[in-house]
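Please read the structure below before turning to the comments.
Per-chain residue numbering starts at 1, and chain names A, B, C, D, E and F are given in the order in which the chains are listed.
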């Protein structure tokens, strides 16, 4: 049976939901307040889950100190106190919905963590809205 | 790989656990304080998870504004500030345990949400007691 | 300088807001959904704060085990899994608003705790609605 | 003895800390990441406390439904999903620190709530950083 | 479709991470501050999930009062206010990482709960570090 | 009117409540499980509140980055992952109750923060037990 370890982190970003190929009316109908032109923001809470086997020598599935460093490098440095639309290459054209942010973070972490570990993410955009990827 | 979106909601209801086919002694033994005749109540917290694919145009799995409206119509209007045993058709004879409440809510939401989306619910009856359905 | 100790507890009760001297229309206008006749309910979270001096022998302001027992006897046994309107003498005629519940609990605890300690209560009716007494 | 009622609300805004009269180096030294030019954002959680007397007829200090409406009009409509620096008159020149946001909200609410009620605010900018005004 | 019930509990323990077969330098490199010789401690929060079928007579998957008693006997009495390394047979030689604590608790609960129920655990060591077993 | 800023931090420590001048029976009666000889532990959550005036130039009462550094130096480095009884000079003879820990932290912070700022602390030993000093 596998075991999972989970590490929580937070970052504070501005964003705006917008699809340049939609009309202004469509953008407003689909994205509502989230489409307002000057951006709004969130305290994003991220949970990174790694699923693997417990190393009998250490009792660890994965060193959470190392996982924290990877999250700091790949997520916090990239997105914290940034405007996702303006300041990041990842969301220059990709709409920064919580779903897409989770996929982008997954791909960044997947490239850093050995494939023996399954990765699952949970991202809270607000206390009431969250996403999980993959699911 | 699939993605999930989760929307949280709350409702405050009175209820009593009771099975009319049990003896009074059985009801008391099985349901304890929850069997007291004049009802008690809870702040129920509901998490509705929809599992699907990210729409590449919107970046959404499902519009959470629409999901909120469906939850408001099917759950909040039906159960909030109600006595589940006395005020609702669903629990006129069905025992309003957290498990049964989750199943009832699932069926109500299942009827409103396209079958392409898998639905999973988590219902908190208290901070220490929760149920998940389906699981 | 004084020090405070705080103990948290929870109870689950049904209640209904109603003033028999109001017309039906007034009751509905003032109390809204909370006036529905068959009761609804809440997970009430109570914080009891005692303000006093640190006993240099024990390092305690007040033994929190004893405070827990007093809360259990005066609050949990009295109100948990009860219908405040129907099952309690305190709210037989007094409207069980969060404000009044806090005052009633204060008076019950005040009678049990030495006057050297100032008592302050915080009562959460929901995550978004709370009261403090005295203030 | 007075009683307090507290109502919690949330709004999601973008902001940037900056003082146009400071040099660029000073702005960066004092405001750090919060000075980045393209804005970042937060889920602000606001607690509005009104201190007054319990009305013996209603058992209320203040109708929390009315307080919710006032908060919606004065705070949520004004600041939710907005860029505080660009979209609001209040922070066109005033630096939108949590302290200043609390003072601005206080003044807006003070103008709407009878002077018999003392108002106190708590504003969470993140889970770890909060302000209280007045204090 | 199966249904899950979840019961939350807490225990406060001291522990130290250490592998006697590692050199001192290795212990320090791998376990860092957690290796300090005089122990530190945590408020562990445990969620026990039982997956099964709803009994149509009771509306329960499992009586949460009975589950609470089993958790009290197997977990709280065994580990609460204890030094995991010094006071428990389970961690006399097994390193008390959150992963290993979860496995030990699983085995203790598995021996008490009918095999018809699948058991899953989540253990919070801190607000930011958690494990799940089995996963 | 004054304004407060609050910064939250956490540390994980082992401790044991004991008064060497008490008999063994007294120690056990007064401190209960907390008197067990091999220590237990907690995730302590600390809230440091500074009360002062908003600087009109910065919009800050106090730079929370500086406050974080002071908390790190005076509290986290001193107590995190430590055994309070064995590893710290402050609690070599002083009983490490939450009350005494709060007073010790207050004195350490008071020595670092200008007297123009009033300091108030809240310390959570568990989710249900907290202290405030001064009060």
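Methods note: a residue touches a chain if its C-beta (ideal position, glycine included) is under 8 Å from a C-beta of that chain, and two chains touch if they have at least 3 such contacts.
As the structure is a computational prediction, the values presented were derived from the model and not from experiment.
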Note the shortest touch-path length, in steps, from chain E to chain F.
1
Reaching chain E from chain D through chains that touch each other, fewest steps:
2
For copies chain B and chain E, work out whether under half or over half of the interface numbers are shared, and give different or same accordingly.
different
Return the distance between the CA-based centres of chain C and chain E, expressed in whole Å.
34
Just the number, please: Cα centre separation of chain A and chain B in whole Å.
28
Mark out which residues of chain B touch at least two other chains, giving numbers and ranges.
127
Every chain pair meeting the contact rule
A-B, A-D, A-E, B-C, B-E, C-D, C-F, D-F, E-F
Within their complex, state which residues of chain E touch chain F.
10, 12-15, 33-34, 36, 38-43, 80-83, 86-87, 126-127
Hey, which residues of chain D end up touching chain F in the complex?
17, 19, 21-22, 30-32, 94-100, 102-103, 127-135
Where on chain A is chain E touching in the complex?
1-9, 49, 51, 54, 57-61, 63-65
